[in-house]
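We just call them A, B, C, D and E in the order they show up, numbering each chain from 1.
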Amino acid sequence: MLNVDNIDIFYGASQALKKVSLTAEVGKVTTVLGRNGVGKTTLMKSITGHLAPQSGNISWEGKALNTTKAADRAHMGIASVPQGREIFPQLTILENLQTGYACLPRSERHIPEHIFELFPVLKDMLKRRGGDLSGGQQQQLAIARALITKPKLLVLDEPTEGIQPSIIKDIQRVIAMLRDQGEMAIVLVEQYLDFAKELADEYLVMDRGEVVLSGKGAEMDEEQVRSFMMV
Amino acid sequence: ADDTIKVGVLHSLSGTMAISETTLKDTVLMMVEEQNKKGGLLGKKLEAVVVDPASNWPLFAEKGRELLSKEKVDVIFGCWTSVSRKSVLPVVEELNGLMFYPVQYEGEESSKNVFYTGAAPNQQAIPAVDYLMSEEGGSVQRFVLAGTDYVYPRTTNKILEAYLKNKGVSEKDIMINYTPFGHSDWQTIVSDIKKFGAEGKKTAVISTINGDANVPFYKELGNQGISAEDVPVIAFSVGEEELSGIDTGPLVGHLAAWNYFQSAESDTNEAFIDQWQKYVKNEDRVTNDPMEATYIGFQMWAKAVEIAGTEDVDSVRDAMYGITVPNLTGGTAVMNTNHHLTKPVLIGEIQDDGQFEIVWQTKKGVIGDAWTDHLQTSAKVVADWTAPINCGNYNIETNVCSGQNYE
Amino acid sequence: MTDKHIPDDTILYLNGVSVSFDGFKAINGLSLVLKEGELRAVIGPNGAGKSTMMDIITGKTRPDVGDVYFKGEIDLTQHDEADIANLGIGRKFQKPSVIETLTVWENLELALAGNRTPLQSLFFKLTKENHKQLTDMAAYINLDDQKETVAGDISHGQKQWLEIGMLLLQEPEVLLVDEPAAGMTDEETFKTADLLRDVAKSRSVIVVEHDMEFVKALDCKVTVLHEGSVLSEGTLDAVQNDEQVIEVYLGR
Amino acid sequence: MNRLAPFLALLISVMFTALSQASALESHFEHLKSKKVSEKMDALNAIATTGDPQAETILNQMLEGKLYYIKSTGEFVYIEKGDDKKYTAYSALTNEVVGSFKKRKLKKIRVNNQIRGEIRTALAAIQLTSPDPELRLQAVRNLRDALNPNMLPALKKSLAREETDKITSALETTIAAIEFANGDIEVQLASSAVLADSDDPKILALFKQTLDKTAKPSDLASAIEKSIEIIESRQQLYGVAENLFFGLSAGSVLLLSAIGLAITFGVMGVINMAHGEMMMIGAYTTFGIQVLFPNFIDYSLFIAIPAAFLVSGLVGILIERTVIRHLYGRPLETLLATFGISLVLQQAVRTFVSPQNQSVENPGWMSGSLEITESFALTYNRLYIILFSLVIFFALMGLLKKSLFGLQMRAVTQNRAMANSMGIRSGWVDALTFGLGSGVAGIAGVALSQITNVGPNLGQNYIIDSFMVVVFGGVGNLWGTLVAAMGLGVVNKLIEPWAGAVLAKIIVLVFIILFIQRRPRGLFALKGRAVEG
Amino acid sequence: MKVNSMKDSFLMKDKGGLRMLSILGAALVIITFLNQAVPVDNPLHVTTYTVTLFGKYLCYALLALAVDLIWGYCGILSLGHGAFFALGGYAMGMYLMRQIGDRGVYGNAELPDFMVFLDWQELPWYWQGFDSFGFAMVMVLVAPAILAFVFGWLAFRSRVTGVYLSIITQALTYALMLAFFQNDMGFGGNNGLTDFKDILGFDLQSDSTRISLFLASGIALALGYILCRWIVSSRLGRVLVAVRDAESRTRFLGYRVEHYKLMIFVLSAMLAGVAGALYVPQVGIINPGEFAPINSIELVIWVAMGGRGTLYGAILGAILVNYAKTWFTGVLPDAWLFLLGALFVVTTLYLPKGIAGLYSQIRERQAEKKATSGSTPNSALENNEQSPHASKSKLVEEV
């Protein structure tokens, strides 16, 4: 279980997160909602280890993470699909996927077939460089790459951005499947409310760096959420 | 303070020239230490002021000025390359300093404020060619003039070319080649030399290759199998110190022309070598010609100060003319009124222990000629800093002292 | 070259354009005609060639074969990026691209329509009118309290908006808008659609999007690209019911 | 016992002849002391013709400058340097140890180049019958210098019993040359055809000299002209091959010096101004190894290569961990910091080792050349360096492209944060990558120590060229580095013969400037969106 | 009037620059006074040696300014700017050589000494006109400008950027160095041009000439600074930054990037030329060593040390590094490189924005402290990838 407890994060002098808390349980999807610039990505980065909170605590499976480096968090089973995809541009698709091997024991260093079932384009383009792909193809690659590491916590920052409708549906199915297998906690940042609603077991809505609303996905009040998503 | 005499040392301790010049700095420091042990000069202690012009030519001028106007040194020992000397020259003249320049050079200069204790071309290049053309030297008929592309080699080769032609060597028996500083890939040139030398006539290389370029040059000679018997190389810039950075095994028999070799047999030399090796605490350190030139310069200056009874530049300069000190090869060095020395010319052959064996030497000392006799323009110029001429470049045809803007 | 008939009110004309990268045909005999004042939505699977098409129009990529004409006579393949921009074709990129070290305000200022030679820039002075234009735009894109923020420090979605603002300030005749709604909330998505419909009253616009709600809101002719060429064209309804489109793009 | 018998017999016979002939040899010794070159030459020729088996030893010692006489007794000895400052003297007549002397007590029989030449010719006559084929071949060739017709009978006798092809043909050439030089027109006509097959430059010179003296037109003149033409057309071919070799060899030096930089700069993006100093450290490591093991010069390089890799690599890791790691994301500032480091390293060498160059020896197998023909030979040091540079290149290529470490290395430099997210410990990867690049630079230093100065400026001399090669080839592309290095080397060497070294270098630089206009991202540019971002 | 008020406004906004300009102005006045009016034996007296030394620093500062303009604001890292400096210097040197007249060692009024010696019969065409000060001064600007224009036109049109551009600028200066080394070029070979006598009829060795040259350098620097500041604070300056950080994006906005680069590159070359021209009479020699690539690298380092992209930082860096050099080589001739090297390393590590950034760095940290006061900042995380003093919560991914 992931526990984010009352964290504050500053960019220089300006505060991006104010006393934000979040929990994500294995077997559940926790969605984070909020309009542009409210701090969703900042929160995700603090979970993956790219930003250190100035106060508050983050723990994973009971272990405090505050001083754990990003790479070590990856070894602890935390994988992420960052906003903006962050593909290794000069590596081929295959190599992009292979970067995930760092977390795996030697015997598990291969690419499981179901990845290609999910994203068939990737299979045709294994030798093409990541940077040459179209935006949507890159997004698919980013998701696939995160799955290679066999994570126990999957952090997805707007994963549907730029992806064609049919594949969004596939992704939705995959996330649901991963959740139902019950081995993974999933944190999902979304602005695409329908998509988020479908998947959310828990949800929280952010505004101006604060959590302003949270609860069970099933009990989400769409109107109220929408009101926070307006400008 | 008034009870010290300051000695400026203007040699590069960093940058490309540090390889050669640090040795000279140490030499001066050693001489100063020794002089102080003897009680200094005129009852005053000598104090060395060392600065680092860092192989940067404008910096030589600046540091020269620092020594003269800020540190107020009474004499400067310094410079290696001609360009560094040219750079400080105006400063030394402006501030009426006194400088000793210890390296063989191209000539064509005589400053009131500089004493040249290295060889002029007639004290190195010309005798070397004479030797090569003699029967003993192998009756060489073809010459490769190989040099680093800067003023000293260009000038020396120009003089040599004129001299060789005078001696009846034809144009096609002279090959001239220049390379950049620090040139390290000698394959093509050595191969050309090999071909040039294989055309029947006895051939020799006259090398004015400078500094770092020598090691790869000699290595390439060795590897391409050019032995000293086939095509001897006579060098003007390769001394014991340069050899100490080379595996000399394959070079035995190649030659160098200098005014001093460490192997020269004399008591003063033995003492000097001992003193040096003790000073640097290294029994394997070698001595070389510019060190001897520094030694001579220092001894002369010290003697001149004693004679003049003051360290004042003008008085010391006047006392310098005709002054003699023993050189390290068993003879006597004389300072002439053209600010150049009388020195013997020695030809040495490289041995596999990194030393030179002297194979030939002039019977008497040769008077350094500031203006070469082998070039038209220079032939009519002489230097004489005593009355009535009192000029570093006096045209004996027009009887004018050209271009001097001071008395 | 211009022996083909191009209707007078055509502002952008692509004919038989192909381009390949290391043997892979990204655009394959693509033809497309955009009329003056037309709003056009382009959809299609990831990798269909939508962004590449925009690259070709804006001079970023040179086509291997095919014609690209602007306003009937200007051969765009003969011009470079800056020329094309000055001719009146503006673009918003798929991946938000703003000048990250300049402030939001400076980004807008640089985009502002006007002369662009070095000397003109040196003597350029912001008029009152310009000032108001910029202030209004900053407010419109919800960045008025971050005008002085360095553009690298604003969030992903905010960059999208900034780029839209810059595009509008350039006042181009043709706007090429690549996935403007990505990373926006539903509400903002509709706001964008309204905006583009509004702009299209006086200009021509091509919009690429994957959000069908958005495309619906645009209420315009839709072109579906697939594997580098046009798969289908028509109203959104027609296109959405096209079996092939469902198969390769929409899914079931 | 059986095996000892012939040896004993030989020993006795040597001693016996030594005794009987001693006075014959000794009678010439006095003349060796002479200052006159001609007198010395007569004396040594006389020694050579005594037929005394000891003559060869004496002449050889003299050739090497080891022949002395003891000042006090006048006894001729040759010397061997002992451990202390003394020299062990062996009797020139009996090879027995005479004693140990200070150098001052001995007087050297001076030789100069002319005398050495004479000795070699004299020795050649003796060595014509040597059992060692190398010596025999050398002897046969040396005999072409004097063109002495008196040698003809001996040569022909040798030819009759010679079995080695190479020597046989050398003998034929030498005989033909002597006949050509001394015979009448008939003989000359015949021998000129034989000589046309020879690549010995002396033959060409001989032809040209003879041609000058020959009346034209004449049969002989046209025969000689024809032979000259044959030889020269062959020479031209060698000339091209030779230039190509020079070019590849110059290229291999560029490659070696650039290859480490291709990693630290090309892959990691560190503008590594201290790269040259990493090579310098490698070269000094070689020097250190030779000082430590002075008796294993022939093997020193095999120790030096791994040692230099380790030493430079560790220094590199140290630099990375203390300085560079704080600078990722600020590539331009790595320029400033590494420049500072390079100054410190240079000065450290000046202060703690010496400002002077150090002498690094070439192992025997690195000296000399592989003879293809008598006028075309490939120098061993260059040959090995070409091979060595390629081995290093392909090893690195494999590591970068085929190993997981190589993959992680590239991932980290392309997107450090994401690489971390993928579980790649970028700190480790960075340190090892920089260490690898530095280590490879160290290995390059070992190679450079074999062809150039080992001194504090070594690095400075190569840094500019190294950057030039990496950039010209296309940053981040190892193949580009290979092609750029070899290409620039060959182009330079093709221009040099007609433009001279200085102009050739200028032309190459201008060529680079212009070429970059056509390929603004280097020879092997990465193309596509991937680079434009 | 309008221009005036505009100038006021851009200069007024530039606090660091104003401070620097006033210090410079004060220094010019005070040093002149201390040299001219204070007697030699007074401890406050500034020797002419020192004045000339400062004059040299000022020339270097102008050169650094020229580099900062293109590097700091337009992202063109020239590793060959020494070439323009040297060309300006040679133009001035040629004028000074002509002024020697028949006072050279061979007393030849027609030809410089080195030509007499090499048997040249007449002055080569490219030396014509250098008798005139006006012509020479035009050449000081035109020679670097032409080289910069031709080179820049080729390179920017072909979109050579980044290290590729840096390396060919280096190749350029390297090639020029080798060319100028050659005696046949007619510029005095390795020895270069030296032994100058006077400038505009004034004796170069007189104190008043030296002071004038020092003042001229100071004024040139101030004017150069104002010019550069004006440029970077105009919209042109913003375009330059845009070109630096997002070249391709700037093109899509309709800016002809190559024109901007070319203009600024040529201007920068001319500034460098002026610096070179003022440098030569003060140090008394110009030779091909000034073209050495390592010089150009060093000068980039002054800029980096001072703080790139601030203009006054470049000036600060040039003066400080060179002062340190003078000082270190004097007091620690055997070990000064250790100090200088360490200085570079330490600056990079602890002053990521250079010396000029020190002030803003301190302010930032204070602001940060204030904002986060009460809570202990969490430091251990990721700081292995950060400068020890960089902001703790900076994104690691900023590459």
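To be clear about the criterion, a contact is a pair of C-beta atoms (placed from the backbone, for glycine too) under 8 Å apart; a residue touches a chain by one contact, two chains touch by 3 or more.
Given the structure is predicted, the values throughout are model-derived calculations rather than measurements.
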{"item": "Common touching chains of chain B and chain A", "value": "D, E"}
{"item": "Furthest chain, CA centroid comparison against chain D", "value": "C"}
{"item": "Centroid comparison with chain E (C-alpha atoms), farthest chain", "value": "A"}
{"item": "Chain nearest the global centroid, as defined over all protein CA atoms shown", "value": "E"}
{"item": "Comparison of D-E and A-D by number of C-beta pairs in contact, larger one", "value": "D-E"}
{"item": "Separation of chain C from chain D, taking each centre as the mean of its C-alpha atoms, in whole Å", "value": "65"}
{"item": "Centre-to-centre distance between chain E and chain C (centres being mean Cα positions), rounded to whole Å", "value": "44"}
{"item": "Computed distance of Cα centres, chain C from chain B, in Å", "value": "75"}
{"item": "Geometric centre distance via CA averages, chain E-chain A, whole Å", "value": "50"}
{"item": "Contacts with 2+ other chains: residues of chain C", "value": "21"}
{"item": "Set of chain D residues in contact with two or more other chains", "value": "346-347, 415, 417-418, 420, 426, 460, 502, 505, 528"}
{"item": "Residues of chain B touching at least two other chains", "value": "13-14, 149, 178, 180"}
{"item": "Chain B-facing residues of chain D, complex", "value": "37, 65, 108, 110, 112-114, 116-117, 120, 201-202, 204-206, 208-209, 242-243, 246, 249-250, 253, 346-347, 350, 355-362, 367-369, 375, 377, 379-382, 450-457, 460-461, 493, 496-497, 500-502, 505"}
{"item": "For the chain A and chain D complex, residues of the former touching the latter", "value": "48-50, 69-72, 74-75, 79-80, 82, 86-91, 95, 98-103, 109, 129-132, 145, 149"}
{"item": "In the complex with chain B, residue positions of chain E that touch it", "value": "47-49, 52-53, 56, 100, 102-108, 113, 116-119, 178, 181-183, 189-192, 194-197, 205, 283-285, 287, 289, 326, 329-330, 333-334, 336-337"}
{"item": "Touch list for chain B against partner chain D, complex", "value": "13-16, 18-19, 22-23, 135-136, 138, 149, 177-180, 182-185, 187-189, 191-192, 194-195, 198-200, 212, 215-216, 219-220, 222-225, 228-229, 232, 241-242, 244-247, 249-250, 252-253, 349, 351-352, 354, 357, 359"}
{"item": "Of chain E, residues touching chain C in the complex", "value": "6, 231, 234-236, 238-239, 241-242, 244-246, 248-257, 259-260, 263-264"}
